[in-house]
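Below: a set of structures, written as structure tokens.
Shared between the two complexes below is chain A, which has chain B as its partner in the first and chain C in the second.
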Partner chain A sequence: MNTKFKSPQQFFRQRRLRLGLVFAALLIIYLVSVIVVNFQTLTSLAQVPAGLVWLFKNFVPTQQSISYLGPILYQLWRTLIVAVSSTICASLIGLILAILGAKTTSPTPALRWIIRFSASLLRNIPVVAWAMILLFSFKQSDFTGFLALFFMTLGYLTRAFTETIEDLDREKLQALQAVGANYFQCVFCGVLPEVASTLTSWVLYMIENNLRDATLVGILTGTGVGFLFNHYFKQFRYDAAGLIVLLIAVLVILLELTSTQIRRAIA
Partner chain B sequence: MIENSSSNTKSLPTLPATKRVTLLTKPRLILRGVLLALALITIYSLITLDRAGLKFGEAFQSLGVNLKAMFLQPTVGQDTWALLLRALATSVGLAMLTTLLGALFAFFIAVFSARNLVPGWLATSIKAVMAFIRSIPTILWVLIYSVVMGLGANAAVVGLTFHSIAYLVKAYSESIEETSTDTIEALKASGVGFWPIIFQAILPSIIPALLSWTFIRFEINFANAIAVGAAAGADDIGYYLFMASGFYFNFHEVGLIVYLLLGVAIVLEIVSMKLRGHYLQKN
Partner chain C sequence: MLKVIHLNKTYGQTKRSLKDVNFTAQPGEVTAIIGPSGAGKTTILRSINQLIRDDSGQILLDDQDIRQSNKAGLRKIRHHIGMIFQNYNLISPLTALENVLHGRLGAKSTLAGVFGMYSAAEKSEALRLLQEVGLGDYAYQRCDQLSGGQQQRVGIARALMQHPKMILCDEPIASLDPKSTKIVMDILRQLAQEKQLIILINLHQIDIALDYADHIVGINSGEIVFEGPSTDVNDQVLQQIYRQAEQPEQAVTANEH
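And now, the complex of A and B:
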């Protein structure tokens, strides 16, 4: 704190004033967004409990919905492996881009800016836009979902990988260069082993994330478990849709637990 | 030194038979195993991917044409500038609203799920419920609520808020748990109540962490708001994006919308940098 206070009272008065201003600003933001969005706060909040009751009544899988289990599990598996493969493919290319684009290992500054800019572009195009653009060219196939996730992930991982490599100690690289290692030796023997576990933990995080996004991409492009959910949901077969929701939750939690374990083991 | 080393060469002690020292420690082996498994899944997936008889050359060519139409010749298409800007404002409003509501609820829930403030069983059970809510994708929450409340803004807000709360409770409670137990014990011993401890001792020390998590969630919510518009029909920019690309096949308009979204993303990036700089200087 730079300001000097004459008395504790003054300190607390100033703090209360600042808190009051922050709250007023937040309230104004809230009210403006309520008007823009046209949201009825009280009526909607009052409906939440009723919604939950409805959810538990209708979305509980019944005896009948067990018969849907086969196709659901198959699509869930397809969704999982598309999430994994798109992440891995993106991470391979992302790694090359990150090595070329990180401050410590980049061959030229110009390349660095180009890579930074394109990664940011890829990242900021919403997954909806990717899905719809690709759907037009690649039709309703798993490949559309794969590519949509691939482009998004490439943007994120390039940035994450670049930052990880830049966090690396410069002195290690200088030491390697001083004993006469060439560029490739520096990268493959100095940089990669050092960052491998951090990068893997990023990859695991993106796989989790992509599994969640895969549902959305599936709804938009008509593939995977997202399509199946939309299909049952629109036919009012809520018990089957509920089974899908439950299975997605279980799969996501399992994946989270596994990747936490792996992260702890490789740290 | 030289004499020493030369005399040593005569009676070099034989090394005891030790295990070969290897760089492959257990974490390294596990790392390799994980990467190998992921690689195998990827290869299997790429081989069995449903291509639906695609001709890749043609597909990529048409993608190139579309991308060119998008980025080089953006137009408003059949909508108007006023309409699109209003929809963009709706998306930003949706993100702000859900983040604020989410942060408010999440803070109070997080207080009751922090291990150093409440008994363990309560913290664990709240965290388990939140983990379950978090594991269901946002878009499904919105779709589920759109049945109960009807399509539109209300369902979108409630669905997005639901997921925001679950996400922020995790982040907030972890921040609260970083406050040392000693501080809390000392305050408790001197007779300070539960809420004063939270608002006078814990909250001031974790504000930077809370702020940065909340802002991250705001960015996520903005992306989600677009997705919700596309899939659940809240009247925001995502809906126009969906209509332009899925119904009118007007890639010029898609390009314009993407440019608008990029503009918002750049503004958000600058604001978040400023906010973080501001708070880092203060603390």
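And now, the complex of A and C:
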């Protein structure tokens, strides 16, 4: 990129031209996809208000829905437990894998590539696919949901942890080596204290994320609040299903608020 | 006494970084290595505690060759060589006290180090060292809340916790303001005199080197071009040390065309 410009005007003209081309490209992609799937933009937009009205009429919880509150809360609690436990287990194993797999702390490059590859494999299989595969071996149970979330989270966190450790200034570890610290001392006295707060942030984020995913996985594995949603939905008890959606949203928001507080406290 | 004899280091196939480097540094003295950037100052300093592996030569600390030691031996030797850095390199979320205690890691078993099991005597020594460098009030502060000059003093306390024979200082004041520079350099000189330590400093500020160092080692393109008491350094010597300092940059631009 050492193009010489004749004048600033020419430079900015070229900048504007490039931006224009990007927008044009996006527009073309949109138009092509509209034609391919035969999507009618205006008609679809016109249907949105009616759809929303229907949704509100049927899904808004009524006084009657309160009677479902007991079973819903119980299943919501179970779902939360599955989300939290799978994340915690995945983060403990992910941390060990990340230390072995990060460029700064890895004992051998071979191990690094194996860990990178397997983490990427785990991560790139969608959680729904995990659940369906595991259904064969573990049937419809909380454990299947736990495993599906565990594998996906393990892939994610190993990657995130590895990158956090690799971002660490190598000189800080050299300083501990210079003191005479050995490998384990460098890891426990240097690497872990440096990355602890970032890693905690990642774990909290994954718990939030997994609560949402756990609901979805529950529909497939026939457990938790996801199953209950599916159950009410199929019985046309939309108000109860709506109550579930509302409660999940409330729980996710509460979880987010708590983790923001925790993050602030440890930053 | 530190004796560096016939030290050589080549990076890659061709780029020679150190060419037959010889010099000595005495306990009780501040020895400064000066020279243009890229001359090899950092390579020398990091060869001494083998953070960088050199190619050939001898590095004798009290007649023991550091280069000949095995892994465990090197750990023991490193334990008695303190090191401070331009970027301080403390573990920033930990307190000043914890960072000073890290100076004991080289003398501890793996488990004791990993779980931070320090004796009461070690803890009170760490606190006393922080008081010695004027940071007694900051012992329980996280290091990322300290100023640069304060962090460097924590670094010095960490080095002292090692009960060192020698402290290596890699551009210790390059990121500090004049006031902190004076505090840090005064402490280093005082340590050389009072504790009879070998203080070896890389510096690019000539005036500070001449003010504080007893002994000067001048290096240019990986070769020692001057070694002697700082009183012998005159304009002619400085010209020799810093000669052709611009040439590498010219070479780079020449390559581009």
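Points to keep in mind about this one:
In the analysis below, the second predicted complex is superposed on the first by the 243 of 267 C-alpha atoms of A that agree within 3 Å, B and C clash if a C-alpha of one lies under 4 Å from a C-alpha of the other, contacts with A are read in each partner's own complex, and residues count from 1 in each chain.
Everything that follows uses one rule, which is that contacts are C-beta pairs under 8 Å (C-beta built on N, C-alpha and C of every residue); 3 or more make two chains touch, one makes a residue touch a chain.
Not measured: the values here are computed from a predicted model.
In the overlay built on the shared chain, the residue A:Leu135 is in contact with chain B alone; chain C does not reach it. Once the two complexes are laid over each other on the shared chain, residue contacts for A:Gln174 go to chain C alone; chain B is not touched. Residue by residue along chain A, chain B and chain C are tallied for touches, and B comes out ahead.
In the superposed model, A:Glu194 makes contact with chain C only, not with chain B.
Contact with neither chain B nor chain C is seen for A:Ala24 once the two complexes are overlaid on the shared chain.
After overlaying the two complexes on the shared chain, residue contacts for A:Leu111 are found with neither chain B nor chain C. Residue contacts after overlaying the shared chain place A:Thr215 against chain B, while chain C stays out of touching range. The residues of chain A shared by its contacts with chain B and with chain C are 196-197. Residue ranges on chain C touching chain A, taken from their complex, read 49, 51, 75-79, 81-83, 85, 87, 89-94, 102-103, 105-108, 110, 113-116, 158, 162, 168. Residues 169, 171-172, 174-182, 184-185, 188-190, 193-194, 196-197 of chain A are the ones touching chain C in the complex. In the complex of the two chains, the chain B residues touching chain A come out as 26-28, 30-31, 34-35, 38-39, 41-42, 44-46, 49-52, 54, 59-60, 62-63, 66-67, 70, 89-90, 92-94, 96-97, 100, 131-132, 135-140, 143-145, 147-149, 153-154, 157-158, 223, 226-227, 230-231, 238, 241-242, 245-246, 249, 251, 254, 257-258, 261-262, 265-266, 282. Residues 1, 26, 29-30, 32-34, 36-40, 43-45, 47-48, 50-51, 54-55, 59, 78, 81-82, 84-85, 88-89, 121, 124-129, 132-143, 146, 196-197, 200, 203, 212-213, 215-216, 219-220, 223, 229, 233, 245, 248-250, 252-253, 256, 262, 265-267 of chain A are the ones that touch chain B when the two sit in their complex.
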